[in-house]
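Okay, so subunit A shows up in both of these, paired with subunit B first and subunit C after.
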Partner chain A sequence: MLRELKNRIFICYLLISAILVIFPLLHILFSVFINGVPVVMKYGIDFLTGTLPAPNKPDGGIFPAIYGTFLMVFIASLIGIPLAVLAGVFVAEYPNNTISKATRSLLLIMMEFPTILVGLFVMAIFVVPTGSFSALAGSFALAIVMLPYVATYTEQAMRSVPRQFKEGAYALGLRKCRVVFSITLKIAKKGVVTGLLIGMAKVAGETAPLIFTAGNAWRSTGSVFEPNGAIPLWIYYLIQQPYANYHEIAWGAAFVLMVFFLAIFLPIRFSMVRS
Partner chain B sequence: MNAVEIEGLRVRYQDLEVLKGVDLDIPAKVCFAIMGPSGCGKSTLLKTMNRLIELNEGVKIEGEIRLFGESIFKVDVTRLRREVGMVFQHPNPFPHMSIYDNVAFAVKCNGIAKGKEIDRVVEWALKKAALWEEVKERLKNKANQLSGGQMQRLCIARALALKPKVLLMDEPTANLDPIAANKIEDLIQELKKEYTIVIVTHSPAQAARVAEYVAFLYMGRVIEVGEVNEIFERPKNELTEKYVTGRIG
Partner chain C sequence: MDKFKIFLMPSVCTVFGIIILMLLVFTLNSIAVFKQEGFAIYTTNIWKASEVAEEEYYGILAAIYGTIYTSTIAILISLPISIGLAIFVSDLIPKKIREFFIIPIDVMAGLPTILYGIWGVFILVPSISGIIKFFYERLFFIPLFSYYNPTGFSYLSAGVLLAIMITPFATSLIRESYLAIPNIYREAVYSLGLTRYEATKILLSYIKPAIVAGLLLAFGRAVGETVAVSLVIGNAFNIHPSLFAPGYTISSLIANQFGNAFAYELMPSALFSAGLALFSIGLIVNFAGLIILKRWGYA
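Let's turn to the complex of A and B:
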């Protein structure tokens, strides 16, 4: 009888712990939804296409921030993905090489590295010499943040390709380069693409590395050499303003950011579950 | 001239000596079976013949292997592997490629044919591997939609397309059902008229069915080698007798 009771208490305890762990996430999703959707509904399509209104005027939108986020994620991907995929391939193909071992450890450290320090680093080597915040500097910072995710996913995907396919390819007289890029990387494609998407979703939501690099701008000139806004930057700055409509817009922006993030992330999750 | 001559071959993985001085002469255009219990070094021996063993780190090879009189350690390894095709225990066609591309890919990469000629090589190889009739309508389908036996014949076609002199087979029927395994054995009977086939098997019965010559390998050494009838009917060594009668293995 006592043992049965203990067993039940233990199961209840596990259940409560699990609920406590997912509660904050559900609460975030819920509050962003509850506070964000009415704003987007109220402002209508203008919310996605308009620019920031004057204080206490109930119109306008966050287009410059959406543009900035897309622009910087795009440029960061152009810079980061080729480098990261090649690094992942190298680490996977030469696992016992000293440089490769060091690279693998560094990638893991980079993944946990405070992203604001990445921002400071890019500011020192890029913003200070050029004399201006810019979308390009922001993109560099995001590329650095993205690197370890893409590289690590690429490495794991490459290593999970069964040895028999590589042996089969070498047995046909193919050179290493061919085997790696035409066989192993192609078989590992799904894992690599997952890494790319996770890296992109991660940096689309980053604020810290952009503060000292992209600067921020409420109006965008469209140029990569000028300071630029981004959705998370706008949220960060808008909630510090003393105007009610700016707080509203920040909630709406948070909802848009969440939709972007889930749009990238949920398909990955589902395709992983299916495979 | 012998197709393959092996002299004093020792292969070591780090501290473990897997082959402890192997001498073998493999005549041309026969099926030569290497049989022995698990862990005797037969797959290692096979993978040394196309130097695939060198993919493993920390492998040391001593001794000599000659392919039609030429040392395999002195030729370009990619040329060697074109001339010595290999079929593996697990059928391993490239899953991301079509049936056609599985055969055509290495043909293109190795510059064996170009343009329309590639189509002819693919058809020829698939016919040689007794697969053409089953796949000619669906060459563009993914290779992983084939059955296990068909995949294995696709791998044979892929190797034959490079016009090899020797074909190595590492327990090619170990993962197939009996009907698919029979088809592969029938194919070996056909292919050995034109190619030198070296097959590794842990089944004495299979060795007896497909091979003209048999070598019995045990704990990294060749215990006995000879014509198939001699080995099975009048084995000279006690260990060979025990193995072929199923008392060790």
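Let's turn to the complex of A and C:
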């Protein structure tokens, strides 16, 4: 009897904890949706193409932020992806090497590392010497944040390639370089691309590494050597302003950011289920 | 050494170089403040910015206190719930629809943290301030509830928000190791005629190391989280036992003060030494978590 009762209580605990997790999570997605959509509707297409209005003035949009996010994610990918893929290849191809064992642990630690420190680091070595915030500095910071994700996914994808393919390639007399780049990586393509996209989705939403590197721009879009905005950065600053229309724009920007994130993340996640 | 290895070496060296250079930059930039104050930067709670270099004095004890306080609240809330959810998803949900529970959790683990921040500021804090009023009016004599702060920006808000943020991550770590328990053990446990509660208790003891590792990694995440926390914690140099008091964490201190730090002589250095503390905590906690995971064959 007592055993049965304990079991009942236990199952109630499981149910309650499931509700306690799922409810706030759905509430967050729902709030961003319910507060963001009316704003985007109200501002119309201008929301995506306009610049920040004056306090308590109607209209305006978040174009400089969208531009900055795309620019920085693009440059961060250019810097980070080749580096990360090569590091991932090294770890996968020489698994018993001391260096590659150390690299694997390092990558896992970097993944969990406080990203604000990356921002501070890039500020010290790049922003201070060049004397100005810039999209390039922001991209460096994002590249460092992106690196461990891409490298780890590349490594795992390469290791999941069956031995027979590699052995066949070696038997044909191909050199290691050719085997890796034209056989293994091609077969592991899906896993590598998943890693790239997850890395990009991750850094597109990062705020902390950009605070001290990208600077910000409310009404202009600059080159890579000039300060630029980013969607998460805008939301962070706009929330802290006292003006109602800035809060509105922050919600709208949050909705846009959520749509970007889900548009990249959900297809990847669903394709993982099928395979 | 084959040629291919030499070709790949630079990229691996860059990865190591970044971390070493980072440690170097943080250490070198902290030297100035260590020279001036010694270790007192970590043990005093004074924040005196001044145009005159001699009058400057910085101590970040309040931020260290706030970091540990909020992360502990987060872990205490998150751990029992994430274990419960992990078991719920693995045992009670049929395999076919399990993914429908796992996908939203994964989405939330990767969701941009600023979205948690905006939700925290406009929805969590106003609703928590009501709870704060309720407890303060009845239980103000208990130190835990003693600080009256009607705005709701407090350790509690930061802790709750962090708990919501780290639970998806913690629960997927625990779930994966729980699902990886060999079937022989499951069958053996149920063949004894145990109830689900008794069986699960035994199975959980099997993955205890994974739970400890999950706890450490989740703690590491909570410690490093910046923007969402800095938006809801209230940003005040404060060491108070109450859940309702506003405070600082190391990362929110850096995010908040670094913008104007270069107007002062010593403040950048003080903030880099705060970064160094965060660096060390992050490194130790994550390293410990990974070692446990490795040792027990989960990673």
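The rule is short, and it goes like this: the second predicted complex is superposed on the first by the 265 of 275 C-alpha atoms of A that agree within 3 Å, B and C clash if a C-alpha of one lies under 4 Å from a C-alpha of the other, contacts with A are read in each partner's own complex, and residues count from 1 in each chain.
The rule is short, and it goes like this: contacts are C-beta pairs under 8 Å (C-beta built on N, C-alpha and C of every residue); 3 or more make two chains touch, one makes a residue touch a chain.
Note that the coordinates shown come from a computational prediction; the quantities given were computed from them, not determined experimentally.
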Subunit B versus subunit C as contact partner of A:Val21, first or second or both or neither: second
Contacts of A:Trp251 with subunit B and subunit C, given as first, second, both or neither: second
First, second, both or neither for A:Val40, with subunit B first and subunit C second: neither
Which superposed partner A:Tyr13 touches (first subunit B, second subunit C, both, neither): second
Which superposed partner A:Ala92 touches (first subunit B, second subunit C, both, neither): neither
Which superposed partner A:Thr207 touches (first subunit B, second subunit C, both, neither): second
Touched partner set for A:Val150, first subunit B, second subunit C, both or neither: neither
Contacts of A:Val192 with subunit B and subunit C, given as first, second, both or neither: neither
Of subunit C and subunit B, partner touching more subunit A residues: C
Where subunit A meets both subunit C and subunit B, residue numbers: 175
Touching residues on subunit A, where the partner in the complex is subunit C: 3-4, 6-7, 9-11, 13-18, 20-22, 24-28, 31-32, 35, 82-84, 86-87, 89-91, 93-94, 99-100, 102-103, 105-110, 112-118, 120-121, 123-125, 144, 147, 151, 175-177, 180, 198, 201-202, 204-208, 211-212, 232, 235-236, 239-240, 247, 250-251, 254, 257-258, 261-262, 265-266, 269-270, 273
Of subunit C, residues touching subunit A in the complex: 2-5, 7-12, 14-16, 18-19, 21-22, 25-26, 29, 80-85, 87-89, 91-92, 99, 101, 103-108, 110-119, 121-123, 164, 167-168, 171, 195-198, 200, 217, 220-221, 223-227, 231, 251, 254-255, 258-259, 271-272, 275, 278-279, 282-283, 286-287, 290, 294, 299
Subunit A partner contacts - residues on subunit B that touch it in the complex: 50, 52, 55, 57, 78-82, 85-86, 88, 90, 92-96, 105-106, 109-110, 155, 158-159, 162
Residues of subunit A touching subunit B in the complex: 96, 162, 164-175, 178, 182-183, 186-187, 189
